[in-house]
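Encoded as structure tokens, here's the structure I'll be asking about.
When the chains are written out, they are named A, B and C in that same order, and each has its own residue count from 1.
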């Protein structure tokens, strides 16, 4: 019976060969596993499979069917390739930010900083920007061509690494702050980083052997261009080859989904959820909250790194104008509208918001113009719906918070948290839990012993440490 | 390990047990909040294998003391060691304490006075979180689904089920914590604490809100925890039946100081204890 | 003392007063419902746009005769304050009150949404570019023309105007909160809304009044902005809001005197950064200050010290 107490053992697992063998056997097993799934949950499996097929066939469908269809038959506009690529880029970011906000419950309002870091990292490593050197790797540019030109596969991961490091770095000061203060600090970083990218145009710096005189570190407001287009196995995926690029972006999103799901259903995923629910209890149960939160920030940011690398390489250029504070909020909106905590939900949110913002609004404007001309009031055409995008997004946020704060397709858990049962309906313990919410301003002995909670942390004006997403009660 | 139970009383009192038989050794522990002294220079021993109770009126400093043992509060002064490892030690004029998760890793598990389960996680997941500190898979194991992760998750899940069974929650493994009845929630908290592989279990008012038969069940459970799992238990309790029923030793705190310590019977008859709880008049009535 | 330094201080103090007015709005609202009202800076922005529109409508411009100008300015001030107060309390009613018992995340997000909405309104109303307004209040240097000092430091009627509008408002507000019954109700609700309710205070009404006051102050600040800085733009609220919020936090969120002190300090920081560094970096510096305070001294300069946690 004492084995109940002993921790599980960590047997020898065989390292790399074992892993490869395992992968091979899973792959070989796939048809059987799929058939089993089909038997257990037929409807869901079929739906998801159909979805996957549709998604991968989309670019073809778009060209062959949807665009002519939308022009001639069904009036909703089909998005063009660049819009689709950006839908997928934002979907990648939404998946990443979902780890920070949705899993770990840390309200990060400055996510755009990591997007920028990813994009500029990619730009540094795949453009003529550093004209003083010439480093070429697997590139078909002539020898001696200025700048650093590494292949996409490398800069993709390098960008993610840089973003991840900064994610942990910028997350570190927020560790002891509670919800709204954490949000503001991250917001601050989200503002400051793009300012650096915009202004580091004229840098004088000398430290030992490192001398920078009049160095243009970031290309300023004009940014960095041209940036090498992504190329894998001889196929190019830049904006000129939009069709290919959609597939690359799809692959990135697919990879992101796998990574995020694997994280969710692991020791780390559970630790994040525990911290979100009740950070103190998690700490007491042995979760190293500092490390766990830093990992959330870092891993979450790495997805923005992927996205940034995609943006820079696909478009062949990047500037600080792409990385405004509003973009951070945009990704937050995507998560909130789509479904907080749920990977599929946030993808839906990203695609929908991008679609509305980039395609639908413009299309509505055109329809208004046509209608205006048709009914004899051309002023109708003066209304430019694209100018209303902030308003619509803002309104959507306000309404969502009021009526469906968990989003369209939330995870069951977040939905449950946001609609916590009122105290007198929940079973017994809830009433006991309510007591802990009392404001503890100074430590009186009665207060201290009446609850398990010590006086508030720094950064808390009152009350126990709080993380966003927690219901009004405590657990 | 349970040699202590039933041993002559004198050997269980603080300061009377040889160090190698102590699981917790606290000396001179003081906690000040601003101008207020919540715990005042308390010495406290917990012998291995003992069930020790900490009682006292509200505001006496019991939970504060708990919080210091687990590393949640840093004492103002004092030394606390656990199983030979220092948890709190003085560095000059300041006390340094291990962090709570480090203390948990050393082997102290706890439950809370007001239940603090992870409410929208299943019972199974709650227990799995308890195992967090001793599991070895990292985030890259998760991302790559390495054999280490898969094997570990399987074993951990098995163990979690076993723990739930032990506490009678086997059928409810996939129920969300907040949907469990109150008694089950209390037991789930214990299961989660056991998952941290503790040597010492701190139970903060485990029978609060329970009726007589539930209390008896809980008392039996606590005995089983020591007998079958070899745990040492420190209890905060207000229910005197529980305290008298299972404690090997009782310590009474009042205004942050140790008022009395001894066997349950001794403490119950101690006039100063009676006075602290019920007022001077009651003590004089005998 | 270096004249450029002095001038920078003058500019800093004057702008600081405007920040203080807006900061009071943030601190009042945060004090009472623990919400960072993201939309507050945008209420200020709309107030400034309204003031500008009204001034133009009433024909107040550079050559206007001083008495008429003053009378009309007072009128515009009154109207603007009334409108922004109404706007603010409506926002509270619509976007925040329904979320009073939701997790803290919800009203914060709602506030961000509201901020977006208001910014877009400003954008649609006056377009994307900066809008200028002529110098109605003379930009003449009082020190040289009236006091006959020989200096290049300029304290103009505009600076005086900024002080003349803001300082009385600050005094009135402080008196109101400290001495009146309503002010006491506000302080009680800020401390503990449930108990305040049990004591017979109409918590909803008290909160609404707080928003009315905050809105009015933002409107006044908007007018000063137009007449002192001669400009407004749709995203003014963001920059100002940042500065005002930082002021509130610097002084100690929930603390009125702190908001004023913070506003002045922020005004000086802005002025010094603009002058001695570059306007491009000022925003980043202000954010840096904000982050620094929140991380190292979240209770602010005048806030209370909290007990130490493990």
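By definition in this document, a residue touches a chain if its C-beta (ideal position, glycine included) is under 8 Å from a C-beta of that chain, and two chains touch if they have at least 3 such contacts.
Because the structure is predicted, anything quoted here is derived from the model rather than measured.
Comparing per-chain C-alpha centres with the mean over every protein C-alpha atom, the closest match is chain A.
When every pair of chains is scored by its C-beta contact pairs, the maximum goes to A-B.
In this assembly, B is the chain whose CA centroid lies farthest from the centroid of chain A. Spacing of chain A relative to chain B, judged by their CA centroids, is 41 angstrom.
Chain B and chain C have centres, each the mean of its CA atoms, that are 52 Å apart. Computed centre separation for the pair chain A/chain C is 34 angstrom, with centres defined by C-alpha atoms. Of all residues in chain B, those touching 2 or more other chains are 33-34, 67, 72-73, 99-100, listed in ascending order. Annotation for chain A: residues 417, 442-443, 454-455 touch two or more other chains.
Of all residues in chain C, those that touch two or more other chains are 307, 309-310.
In the complex of the two chains, the chain C residues touching chain A come out as 34-36, 94-95, 98-99, 101-110, 112-121, 123-124, 192, 238, 242, 245, 253-254, 278, 280-281, 283-284, 287-288, 290-291, 294-295, 298-299, 306-307, 309-310.
Against chain B, in their complex, chain A makes its touches with residues 1-2, 4-11, 13-14, 18-19, 22, 259, 262-263, 265-271, 273-274, 277-278, 280-289, 295, 299, 412-413, 416-417, 421, 426-430, 432-433, 435-436, 442-446, 448-452, 454-455, 474-475. Within the complex formed with chain A, the chain B residues making contact are 33-34, 36, 38, 58-64, 67, 70, 72-73, 99-101, 104-105, 110, 112-121, 125, 128-139, 141-153, 155-156, 158-159, 162-163, 166, 176-182, 185, 192-198, 204, 208-209, 228-231, 255-256. By the touch criterion stated above, chain A contacts chain C in their complex at residues 107, 109, 173-174, 177, 179-181, 183-185, 188-189, 191-192, 195-196, 198-199, 325, 329, 332, 336, 387-391, 393-398, 401-402, 405, 417-418, 439, 442-443, 454-462, 466, 468-472.
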